[in-house]
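Some structures are shown below for you to check.
Each of the next two complexes has chain A plus one more chain, namely chain B in the first and chain C in the second.
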Partner chain A sequence: MTGDMLLALLPLLVLFIGSVSVLFVPERQALVYGVVCALLAAVLAWWPWLSVASDTPLVSSGFFARGCLTLWALLGAATCLLSERYRASRQFAAPEFAALVLFCVFGMSVLSASTSLVSLFLGLEAMTLAFYVLIAFDRGNTTGAEAGLKYLLPGFLASALLAFGIALVYAATGTFVLSDTVALTVAGASMHTIALLGWTLILAAIAFKASLAPFHLWTPDVYQGAPAPVAGLLASGSKGAVFALLLASVPLALIAPLRPLLAVLAALSMIVGTFAALPQTNLKRMLAYSSVVHMGYMVLAVLTGHQVGFEAGMFYLVSYGAATVAAFGLVASLSGPSGEPQNYAALEGLAARSPWRAALLTMLLLSLAGFPPLAGFMGKFVLFSAALDAGYVWLVVLALFSSLVSCYYYLRPVMRLFRSGQTAADHGPANGGERLVLGLCGIILVIAGIYPGPILRMIAAIVP
Partner chain B sequence: MMGELLFLIPLLPLGGALVILFAGGRMPRRMLSGVAIASVAASAAMTLWLWPLAGDRTRATLFTWLDVGALQLPVEILFSPLAAAMTLMVTVVSALIHVYAASYLHHEPDIRRFFTLFNLFVFAMLVIVLADNLLLLFLGWEGVGFCSYALIGFWYRNPDFAAAGRKAFLVTRAADVLFGIALLWLFRLTGTLSIEAINLQAASLPPTTVTILALLLLAGACGKSAQLPFSSWLPDAMAGPTPVSALIHAATMVTAGVYLLCRMFPLISLSAIALAVIGLIGAATAFYGATCALVQRDIKKVLAYSTISQVGYMFLAVGAGTVTGAMFHLLTHAFFKALLFMVAGAVIHLAAGEQDLFRLGQLSKRSPTLFWLLLVGALALAGVPLTAGFFSKDAILAACFARQTLWWTSLGIAGLVTAFLTALYAIRLVYLLAADRESASGHGPAPRGLVWPLLPLGALALVGGLLNLPAVWGGHETLGRWLETPAGALPSHDLEWGLAAATLLLVAGAWLFIRNRYRVPPTVSPGGAGVSFLAAGWQLDSLIRVIITAPFEKIGCLLEKSVERRLSATWPAGLGRLCQVTGQSWRVLTSGYVSHYLAAMAWGMVLLLAMLVVLLVL
Partner chain C sequence: MVTVLFYTLAAITLATTVLCLTRNNPVHAVLYLVQALFALALLYFMLGAPLLAAWQVILYAGAIMVLFLFVIMLFEPPVADKRTSGRLTHWFFPVMLGGLLLACGGALIAMDPAAKASLSSYWLTPRDYGRALFERYALAVEIISLILLFAAVGAFHLGRRYRSTTKEDVS
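So, the complex of A and B:
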């Protein structure tokens, strides 16, 4: 390992060292320290003298890896900022929480930057391990513990599938390097069937992490039980990291026999997610099923198998991520000591109590539904048109129908917001950190919808 | 660099509107109206400062709004001499009317909404004027339509006023659809939306297409400019506050149609048929409006029909091929009609809201200044020689006669007849307002804010003819040289002298006629069938009701009962219920038992592997 390599991996090191050192920071400054570490990593990733691309082993240090790291670090920082007040009213141990968030961001960054099956496994497991704890972090909350268990047990199964899949792919191709394994599989190596079997197992593990139907059943329970900021990170970051990997390093769509499998996963996710979201009356569960649908859309980007589709996918991730983080952030910001306002009934009359937050919630639900001129519309537009160009007409038709139906379940909570309610507020005004994160998400949603050019150009510059 | 500053001209009123919208609630009233006036006045000052740029036809791009394949949509403005002249008129007249409005509405509680919309209107109007892109122009076009709608219905608590706003919106929208079709078709044909580029390519288009396109554009222009058959909204639009009538429904918005035709003239002029139709519509509308204005009893309706009639002259000018004449009349008309409207507003104000001409009077005694201003405006409208209206109207008629064909000569004669009618109603207005009779009592003298903005307009109405004084009168046709627009066929000197003499005779005849009739203040008389026919605008509203609205409603009711209910209620409700039931039944899957979840994963795995096997075997 040379000095250059160390420099190139500095952002990752900062995240890792941060996650360890934060344990020695006093309770009150721990979360701020976590935010600073995450932002420092994000800045270092683009610091002119340090951002020399070096031929690092296992993880890439290219533009795409840096871009993803920045995104995850920002998500991590947002999670810390959103947890400040939430944590205070529930007596979380701040240093441990910040350490786990940073470690989680570290895992995501390794995952999306991995160039080898080994680092893929390590990154995915690092991220998942941190999540196991984070989900059950609120010890006073029994549904949280239940959620942790429900993520843990299927997670073991998924890890086993992943490890077995990696072993099979290695056995068939004789290499761990991702680009080589994919290329050799496409070329049809001697043990083609074994390699395909391996990839199918890996696909199943990934489908679990990305909660694609029928591997999605954990999602609503876990989102419901997990602390809201953690659920936000889980919904945006962990899924984002998995898809970033699929878009950049593991172009599964190149392997022809896997395409029908991906298409079936996408179709099932859209159908199951849409129908299951319809009768929900719990905001977090509804968002869980909505994320199943959105991940179904994301598979379309993977299926296109070309640059334009990948860019559209990354843009979609940004718009979806901003809306999701803001949604869970809002739930966190509206939580009082008695609990989170998860049920639609608890949201009644919010527009009168806190008009800004009600307006933001309306806006981001509309964005998720894909109303113009918000980011969700632009995201769907670029994504679906890329999928159409790639020839997946029936999937796009299905996606359009599911978007249409989705308006129903996104607008139901919105209606409740503007109804005059009797529920007394047990939440205070948003604090500075919450305002910053929520405001930024809102701005991103508007700008990416009205003037997406700069963001698309930035993405085009980093997608390999 | 200077080019980019041009964007400040429309953006200043927009900024004013936003400031008033968001901070107006916390401002004192004087400051609020001050912001509104200052932003428009600054825009006018900006236009004067940047005036030299117009000589080089400066264009500036703010940013590219959309860039998708062939569709390029730069937010680009073109400061051509034509646009510059129009911009200067719009900003100066708007600034004066803003000052007037500030004191006119001093009792109005909700001036924040008023000035927000008023400034927004100026912004949208300037977008129309400056845009070099048809889509951008269309945005401004719809923007002024919206502001017009909201301001006509400003006193929305009165259902009649709200209905008037709705009518204006719907009628103009019907015409805008045709304009929109022309716009899309032009893009399809030329692959661009830039007006200059379209005009350059127009010559290569097939003649029939050009004719249809020109007629579609004409329809759009007719809607906005209240020309036949879309004219019926303008008299109703007088429901709005008088400053709105002065600015939107006299000086600026209603002339946007003329301006559009002037901008697209290189395309339109390729089709002789379209030009003939434009001339015909112009002459017919001018005649129609003048006849209706003759018998109106509401002071504002007289002016509304007069506006319809005068804009008809501008269309006639475009048809006769003289863009210069059209623009000349557009400018002078803006001066004297805004002046007349604002005088009318002040008169109504003095009479505590009375608008009936037969109950108003004694203006010369109660406010001599206003009376003189009224006289100046009416003389210019009547086309009394040496006033602004005389020169601009004669230029149009001269261009018609100079074509020396039967068609244009007869249109010119129609124009002359209309000129006589115009003189009649203009002088009638003066006599009725000056009549010595018991008039509605009102409050004291007009506030100064209501009077002084009229003075510059009065001066312009008197001497505005100098803008484009024809060579016969020793002038240099300054406006024509500056605009560099086509001036149509050149009239001979004899023709011009003859027309001047004819106008003089017509005006004198009109004056004698009216003097005889109205020397003694007339009593209110119901009038015969002819009068009521004219007063109702030739029953145009009832005609439209019978031909279009009533059948449309019938078909609508029929469809609602047969198709619509099923399509919008029965079937979607069934589908929705189906989705709900499906969703409910799938909830069982999420049982909450981890073992079930693991089983689902296993089945998913089985599904994937089975698919893989099938694929490999195949």
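So, the complex of A and C:
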């Protein structure tokens, strides 16, 4: 461990020290302390002296790793801000919550920065372990405990598959270094079949975490039961980290025999997710199935296998992440002591009661559906055109079809917003933190849709 | 000879693991798991990692499995079925698998009594092991320790008994 390596790890160290020290902060200040730590890590990731930092054997300190760390740290800060009022009426221990959110951000950052199969496994485990607890965090809510268990059991299975896959890949290639393992597999070593089997198992584990069909079955129940801010972090951050890894460090599309598998995962996710989302009347479950569809689109970016596709994928992740955090943030901000307004019926009359939040919900659902001029449209545009260039015409046609159908299930809750309200308001006005997060998400959705140039250039600068 | 030993041990590992998963009596399951871990330890030894083999026996088969047994005994003392406990078939599998395991261990010692001529092409000394662990993979060790720490934090939160006055405290 040299000084350069410690410098390279500085943002991660800040996250770690923050997550331990927040346990000693009083209940009232803990979440604010968590926000400060996450933002400090995000700023330190771009501190100029880091340009001299060297890579450690396990974690890269390149621009992409730092950009991802910034994104996850911002998501963590948003989660803490959104939980401030949400936890007040629930059995939330704020220090433990902030500590686990920071540790989750730590895990996601290690995962997306990993240059080795070892750090890939550890990052994924760190992130998942934090989510096991965060999902069941509300002790007074039995569906939360059920959701935690439903995430735990598939999670264990995915971890076992991942460990076994890593063991096979290591047996075939003799190295843990990600770029070498992929290159050796492409070159076709003597144990090519074993390596392919290993990669297939790793892909299955990743599909579990990213909830690609047919490994998506845990998703709706977990989203429904998890506290809304946690569900937002789970939907945007954990999946984003997994795909950031696939886009930057593990170009699975280079391994030719895996391409059909990826294409099948993408197609199944689009079809299953779309048709399962159609009859939903619960906002969180609908968002869960819609995330399956969106992750199917993200596989298109992985499939392209070239720089432009990866940039399009990162842009799509940003636009999807902003919309998802805002969606779950709205659910958190609209929930009172009696629970979250999950059903469409509970949203009736929202446009009259809280017009700003209704407008934001409308906007983000339209963005998810891909209406111009919002971020979702621009994301789909760059992503699908990159996939067309790569020659996946049938998948793009399927994706266009599924986004056409998606208008139905995204517009159903929107129509309920503007009906005359039958339900009494259970929630107060949004507090400062919620306004900040929701407003920022709204601004990103608009700017990324109307004027995506700066964001695209930033992404092009960090994608390796 | 080494090949025969490898496949015998691999078969024992698989058989005991399957038996562990299918037993109704949790104590029997844990005992089969102990056998599986012993067989794995011998496999590690044959692959040239004696330190790992020793840790496998001391930590997993020794400490962790004893903990398992204690927890099972604390929660649900299994009632021995008097009708079957005396039967020969009841004892056949454990005794046979255990005997095979002992025979494999004995064969390993007989082949290489001083553990000097390595059975494997590469022999991992404790020094190599320590260097790999605390130089190249030092960061991994740190991350694992963090994971354990936060597992404890999570278990503490989920297992904690909250006072009914929590709501007033917070609001």
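FYI, the second predicted complex is superposed on the first by the 460 of 464 C-alpha atoms of A that agree within 3 Å, B and C clash if a C-alpha of one lies under 4 Å from a C-alpha of the other, contacts with A are read in each partner's own complex, and residues count from 1 in each chain.
FYI, a contact is a pair of C-beta atoms (placed from the backbone, for glycine too) under 8 Å apart; a residue touches a chain by one contact, two chains touch by 3 or more.
Note that this is a predicted model, so its numbers are computed, not measured.
Engineer: Identify the partner contact of A:Thr56: answer first if only chain B is touched, second if only chain C is, both if each is, neither if none is.
Structural biologist: A:Thr56 contacts chain C only, not chain B.
Engineer: Just chain B (first), just chain C (second), both, or neither: which does A:Gly391 touch?
Structural biologist: In the superposition, A:Gly391 touches no partner, neither chain B nor chain C.
Engineer: Is A:Pro464 touching anything from chain B or chain C once the two structures are fitted on A? First, second, both or neither.
Structural biologist: It touches nothing on chain B or chain C.
Engineer: Which holds for A:Gly428: it touches chain B only (first), chain C only (second), both, or neither?
Structural biologist: After superposition on chain A, A:Gly428 lies in contact with neither partner.
Engineer: After the superposition on A, what does A:Pro372 contact: first (chain B), second (chain C), both or neither?
Structural biologist: Touch status of A:Pro372: no partner.
Engineer: Go through the superposed model and pick first if A:Glu125 touches only chain B, second if only chain C, both, or neither.
Structural biologist: second
Engineer: For A:Val133, select first, second, both or neither according to whether it touches chain B, chain C, the two together, or no partner.
Structural biologist: second
Engineer: Overlap the chain B and chain C contact sets on chain A and report the shared residues.
Structural biologist: On chain A, no residue contacts both chain B in one structure and chain C in the other.
Engineer: Using the touch definition from the top, list the residues of chain A that touch chain B in their complex.
Structural biologist: 149-150, 153-154, 157-158, 161, 193, 196-197, 200-201, 203-204, 207-208, 213-215, 217-218, 220-221, 257, 260-261, 264, 272, 275-279, 405, 408, 453
Engineer: Enumerate the contact residues on chain B facing chain A in the complex.
Structural biologist: Touching chain A: residues 67, 576, 579-580, 582-584, 586-587, 589-590, 592, 594, 596-598, 600-601, 603-605, 607-609, 611-612, 615-616 of chain B.
Engineer: Provide the residue numbers of chain A that touch chain C in the complex, in ascending order.
Structural biologist: 1, 9, 16, 19-20, 23, 27, 56-59, 87-89, 91-93, 96, 99-100, 103, 106, 110, 118-119, 122-123, 125-126, 129-130, 132-133, 136-137, 139
Engineer: With touch defined as at the start, can you tell me which chain C residues reach chain A in the complex?
Structural biologist: Of all residues in chain C, those touching chain A are 136-140, 143-144, 146-147, 149-151, 153-154, 156-158, 160, 162, 166-167, 169-171.
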